[in-house]
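Which chain is which? They are A, B, C and D, in the order written, and residues in each are numbered from 1.
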Amino acid sequence: MRTAEEYRAKLKAMRPNVYMNGQLIGRDDPVLAGGVNTIAETFDLARDPAHADLMTAVSHLTGKRINRFCHIHQSPEDLLKKQEMTRFCCRLVGGCIQRCMGVDALNALSVVTKNMDEQLGTQYHQNFLKYLTQYQEEDWVGNCAQTDVKGDRSLRPHQQADPDLYLRVVEKRADGIIVRGAKAHNTIAPYADEIIVVPTRMMTEKDADWAVAFAMPADAPGITQVIRVTNYRRREQLQSPLTRYGSADSITVFDDVFVPWERVFMCGEYPFAGQLASLFATYHRHSYTGCKPAITDVLMGATALVAEYNGIEKAPHVRDALAELVATAELVYGTGIAAAVKSVKASSGTQVPDIVFTNVARYHAGINVYREHEILAEIAGGLPATLPPEGDFYNPETGGYMAKYIMRKQGISAENQHRCFRMISDLLCSAHAGVVQVAGIHGGGSPIMERIAITGQYDLESKKQLAKYLAGIEE
Amino acid sequence: MRTAEEYRAKLKAMRPNVYMNGQLIGRDDPVLAGGVNTIAETFDLARDPAHADLMTAVSHLTGKRINRFCHIHQSPEDLLKKQEMTRFCCRLVGGCIQRCMGVDALNALSVVTKNMDEQLGTQYHQNFLKYLTQYQEEDWVGNCAQTDVKGDRSLRPHQQADPDLYLRVVEKRADGIIVRGAKAHNTIAPYADEIIVVPTRMMTEKDADWAVAFAMPADAPGITQVIRVTNYRRREQLQSPLTRYGSADSITVFDDVFVPWERVFMCGEYPFAGQLASLFATYHRHSYTGCKPAITDVLMGATALVAEYNGIEKAPHVRDALAELVATAELVYGTGIAAAVKSVKASSGTQVPDIVFTNVARYHAGINVYREHEILAEIAGGLPATLPPEGDFYNPETGGYMAKYIMRKQGISAENQHRCFRMISDLLCSAHAGVVQVAGIHGGGSPIMERIAITGQYDLESKKQLAKYLAGIEE
Amino acid sequence: MRTAEEYRAKLKAMRPNVYMNGQLIGRDDPVLAGGVNTIAETFDLARDPAHADLMTAVSHLTGKRINRFCHIHQSPEDLLKKQEMTRFCCRLVGGCIQRCMGVDALNALSVVTKNMDEQLGTQYHQNFLKYLTQYQEEDWVGNCAQTDVKGDRSLRPHQQADPDLYLRVVEKRADGIIVRGAKAHNTIAPYADEIIVVPTRMMTEKDADWAVAFAMPADAPGITQVIRVTNYRRREQLQSPLTRYGSADSITVFDDVFVPWERVFMCGEYPFAGQLASLFATYHRHSYTGCKPAITDVLMGATALVAEYNGIEKAPHVRDALAELVATAELVYGTGIAAAVKSVKASSGTQVPDIVFTNVARYHAGINVYREHEILAEIAGGLPATLPPEGDFYNPETGGYMAKYIMRKQGISAENQHRCFRMISDLLCSAHAGVVQVAGIHGGGSPIMERIAITGQYDLESKKQLAKYLAGIEE
Amino acid sequence: MRTAEEYRAKLKAMRPNVYMNGQLIGRDDPVLAGGVNTIAETFDLARDPAHADLMTAVSHLTGKRINRFCHIHQSPEDLLKKQEMTRFCCRLVGGCIQRCMGVDALNALSVVTKNMDEQLGTQYHQNFLKYLTQYQEEDWVGNCAQTDVKGDRSLRPHQQADPDLYLRVVEKRADGIIVRGAKAHNTIAPYADEIIVVPTRMMTEKDADWAVAFAMPADAPGITQVIRVTNYRRREQLQSPLTRYGSADSITVFDDVFVPWERVFMCGEYPFAGQLASLFATYHRHSYTGCKPAITDVLMGATALVAEYNGIEKAPHVRDALAELVATAELVYGTGIAAAVKSVKASSGTQVPDIVFTNVARYHAGINVYREHEILAEIAGGLPATLPPEGDFYNPETGGYMAKYIMRKQGISAENQHRCFRMISDLLCSAHAGVVQVAGIHGGGSPIMERIAITGQYDLESKKQLAKYLAGIEE
């Protein structure tokens, strides 16, 4: 398993192909530090014996101990541990741990490449296993690039005015394929080792050129990343763990990128495109049953803390607010546990979480994320929106006023009051907060997609039969 | 294990002490048939080899196969099966299976009597085990009488103007105790064999006389039941399974009832009153993670069916309605699974479901029950409220009109359309519907009680520490 | 203006054509007393000088003082008064005052018949004014029969397998027309003088035969009413105003009914069918801005009362519950006021409430009705569901127990405690409660219909332009 | 009436006492431009003849035409126009117009100073009228400084460890008073002419020193402002109206400020402190019935626009989303109209909006603000969170990719797609968005304060009487 330093060193050595606000930047640019710090924790924790059971697993391929973020789940216990690990890591960084998308893509590929090989006689699963061995060996960090830019939402890939609006195969060669297009919302891509591409939807026969999956280094020739970075406001004096972390999202452009066949996992097998898209979504939504409760933990902790500092921690409306946050966190987490317990084994040996439990859990998280922020805002009051910047607390002209007038409950120092409200201001009134909200809704699939998944997968027919039986309807 | 017939025969032989609307009635009175039919299913199903694994268990006391409704849970699997059995049975009767409260009370007593004996040197656990052996042997049906009538809600038991407003010990004798008071909301009591009394809340030292638990036959001298029966409207022609079932609730009056010591499980040990109250609530709320999803199944099935009959089953708003119902059912059920998986073993050997998962699941069910009815009402339209009574469909003067004008989607017979809307009219616009709604909120504990339980049990301190860590607050 | 006695006498003299549960009944049948008592109040109140300003108006046709339930609104003040009168009357009967639908239909007809005459040269407005004069003179009670039974919801009227599934003109004769079909959900019809038929939706050219509006006496030849009655449970001893009132809904069958031309207000003018349907809906939804707040008043009063009796009236969760009920009532009522203030005058001189304010107000009422019942249920606790029937409070064997154990707050008599919970049991756990819930959603148009009306009528284009302006988008 | 230029010139000439992030800045600092631009619109619009009726009024003191933001409302029409003006202006700047707080404070003072004079024989109303005359003459912009920093929320002013945690009178002199303390959340203060101080709550006799109201120039000796500025991200190329505007909030410190008696409007009259606090809140909440619908207009327009650009404007879930936004906007606005229509005249001649309608309208706005952002996020998808910064659209290396891959619906230029998503990214994923959310909840009073105001002001007793009447309860 790599060290965080090895990970950082590799990033620094990669070909610069990341653009930010008009500049080409290196992967060691300080603006990326928030994201890199986040991923670095996954290496440090895995090497910490105290967390070995949670953070590592034994590879079913090599028998070696690997980072769990590289592992193919072999049992319900593996899924339970991935969920628990995710919540644990996300708490530590106060937000998304980000490395889940790689392992989610790998698990989905492990199942679908096997299915294709069994049904079509292809060799994708062998490709995949070889790739996986290297991935585990090198302890890679993978981005999963799923969402195409999609152009006109009412048209299929092959109907778009510009065929590149969904990523596609433009040429098949003896040694590999050439792909063109762009994938959006690629969190982690600028500081990932690998980009794993999977389809974003089901495909029809006419969309066969768009049914493609593969993996490439994030700095491979022809790949350009245009990114948006989301960090909390930089602090000059009032350092805190929360503000060490951040993230970045890329629109990843594939401008006639060559992919050798051994890194291709689907190429034209359109009937399996939807399966792969859906299965990655399932794994990723199951990851959300770990990460979203952690984000609720952070908001809940902040709510409880500010209530204490405001001197209202015993008020019934605070209790109700906290109960609502607990309920949201634990319904999502609990139903994620059920998804693991009721998981099934695919023919590849990979464990697949129950699709209904997974979707309802992710759905519940998604429809509550704005409400959770609202709860914190209600209890915290208006100060997070009007708190003067840090500098005023350290300016001799105004620092005394700030220290005097931020005082609330006796026994809490002005600095700690300041720290509390500074953090909540970041959690509620920052660009990052907005990104957490939007990602909380759409990450891994929007609520409407989950409603479709839920009703599509659920055995509604048996419920109708139940109603007919109770009504005495015979047909 | 008893047969349903033996159960009915025993009921018939019991001393008449049940009053309904001013009349003393026998336990074989047809008005009670809905409830008796419901319980009868639990005997029939347990004897059906197809359901043996689900409906029966092996007694940890005697090693004999017993009805699972008499079983002390020994493992997470037992809890999972109880939950699954509950959903299964409730679907079959289209509502509450009712027999859960007895087994929930027994499990709570098994834990707390052991705790008392260990800490106080009492003999309650021996009493309990002897009683349990007989209970399993006789395959009894037990009511749990927990909720006192409670008088002024702002006063403790010993502060009430009338000390009987909480059930209490009025005399201790060599051979037993004399109790007086009344317990409310005792579903199943008029057709139960036994009444198991447990405290409704925590007690202070001054409330010691009110800290009492015991079991007595439902027709024991001094016990009077005043009941309210809830059946669906009687049908003359259009028989259906749904309308075979019903329930009844009793205000059970204990007018100086003598309870022999071997049937006493707590008498004055006030520090354990709250523990027993809370533990029964936990078991009972865990039962709700099985029954409430079943009630959602019924409403969901009716919603899907009427959407099909109305010809709108593909409409997006119907899909969204169904997705919301699925989410409610499976969040509750899934979190109930988590409660079983994360259960712990008490010193008595009894398995106790996780209290936080249990409470958030029950809470989620409770705050959604009105909404679930609303969804069915939205999709069904106004007809459930205005459907003429059955007689008009069979009156030659009007039957033709009814058959002609109830027609909707082609291919569905008028009778089946009628059956569908008659059932939904019962589910939405009957006294029974209102009872299901109120019971859905308050049964096993009101949402506000669960909010208190949730925040009381949850490790909020660790969440505050998390917030402090992220904010950089050191104290 | 008529007296209540004259109204009752007229009902008694009408041709029996009302069927209930297989029986042909007279309009003086006690089962209809709840509805008749309700309407009777509208006569009594109008003759009470204390309420003259609110309950009566001056006819714009005759200059005579008439019941406001017969009046064509001439000004915003008229609309304000109708709204206020509706809330006032509904409070008095604890529910729907029912007579609004007639006046709402008349107002819609006054506008659309004028529009048709102006644009098509028809004579409908003259027909209408003559009819209106008589209606005001006789002080009639009118049912508006709008909703067809509608068959397959995915087909238009002319596409239905049975053309009668929407009411239609089957023959035009020199002296009148013959109509056939059935109208559903006709509240008040069995104790109305007149039935006023209007289309239920917009119509295409092929649906011209279904574009028909007219009025007929409720007992006219060929008309058969099949009804469902909704009363509260009959009381033997504990009489109360609430239980004096009730309602009934009819499926009104028109089996080749002859309508003379002077009573025809539309016959084939399909482009105006949607306008009339929508305008009746607008007036009726504006009536809901008066009645629904009154129903909230009743639920709110019951919530406040039971909180006091339970001794928890100062608890924060009770305050929040009441605030939510107040907000619901007054948002609906306030926005209804805005609809009157921002009303416009049609070419007929009739005042038409603002369609957007009207719809959002009705919509808000509709999506909150289940929630309002839920609030009362939360505060009242479980007793409304388990309260033994009245008889047990008067049976000497059990009456003492009931009186003893219903006691709560000191100083409130057992009878008043009983009255309070008996009423709430009726409001929550009766067939009537379910009907109020379903009618609260669907009466005057379902939430989905209002969402369509809102977005259809609202000037969304200007809001898009606003967004473009702010974004700097020029096209 | 002043010109915008005169307003800016005056700002520039004021004594620098504004600190931002450790720096003392001038009022012409570009960082304040967003706020100053906003206020400047209120001068420009008032001088535009097209808006004269809405934007100006005739002073009841001088008979001169003045900016309506300086006017004391004399009639329901004045209140209706203020509400309409507020919505109109807020739309134009895409957010809070900010100048309302001054006029709201003046109106409240006009009423309460009169009440004090009438009841106590003080001279505050004369002081006030003289001040008002000058205020109107100079066409001032006023901040209302109400919220004290408040220290420990469980203690009254006089109980605080530091008596300055509520602003107080430290000395009374012949010529005036000396005040000390700090007021928080003072939007507009750094670019206002005047600061009008009113109490934040009701006061007891022991709090008399804290019962103080007065007005002072914003740069008066002893006043220091420590501010937080909220602007949208600065644009280099893609200018738009939205990003011209912004705001700033101040913690305004009064360090022994001398206030001459003619500018004092309350000094020790503690029984009137709560009245003044509440009345300012009422006026300000009524302003919210104008501004919040405008903010909804912006979010609604953005939602409709992005739905069109995404090609999904006809989808039912988009229609439902828009209907929900319309309902929120128009319920708040409509109920605000009702508050104006049902307003009452105070003894000073000032028109006071209905307190219940005002509060429920503001409450409804407050509890929906997060939900409104959620709706826009649902329809817009993930791009607002991951849209690369502006620079990448203009960098030759990446601009082509951006233009190619942002394309959606045919016929919409890449730049307009970019403009649309850039704006939505600002509306959802910026620090400003978080401030709008928090201000939407807490501005003018938090939901919990409104629930208290609603239940405190509402005639709940009459609703209880209604319940008793219907239940037949006589006492």
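The definition used in the following text is that contacts are C-beta pairs under 8 Å (C-beta built on N, C-alpha and C of every residue); 3 or more make two chains touch, one makes a residue touch a chain.
Just so it is clear, the structure is predicted and the values come from calculations on it, not from any experiment.
Any chain bridging chain B and chain D, meaning touching each of them, is among A, C; the list is complete. Of the two chain pairs shown, B-C and A-C, the one joined by more C-beta contacts is B-C.
With centres defined as mean CA coordinates, chain C is found 38 Å away from chain B.
Measuring from the averaged C-alpha position of chain A to that of chain C gives a distance of 51 Å.
Annotation for chain A: residues touching 2 or more other chains are 317, 320. By the touch criterion given at the top, residues 19-24, 147, 149-155, 161-162, 164-165, 182, 184-185, 187, 224, 226-228, 230, 249-251, 253, 255, 310-312, 317, 369-371, 373-374, 377-378, 381-392, 394-395, 397-398, 401-402, 404-410, 428-431, 433-435, 437-439, 441-443, 446-448 of chain C touch chain B in their complex. On chain A, the positions that touch chain C within their shared complex are 315-317, 320. Taken in their complex, chain D has these residues touching chain C: 91, 94, 238-242, 297-298, 300-302, 304-305, 308, 319-320, 322-324, 326-327, 330-331, 333-335, 337-339, 341-342, 356-357, 360-361, 363-364, 416, 419-420, 422-423, 450-452, 454-455, 458, 460, 463-473, 475.
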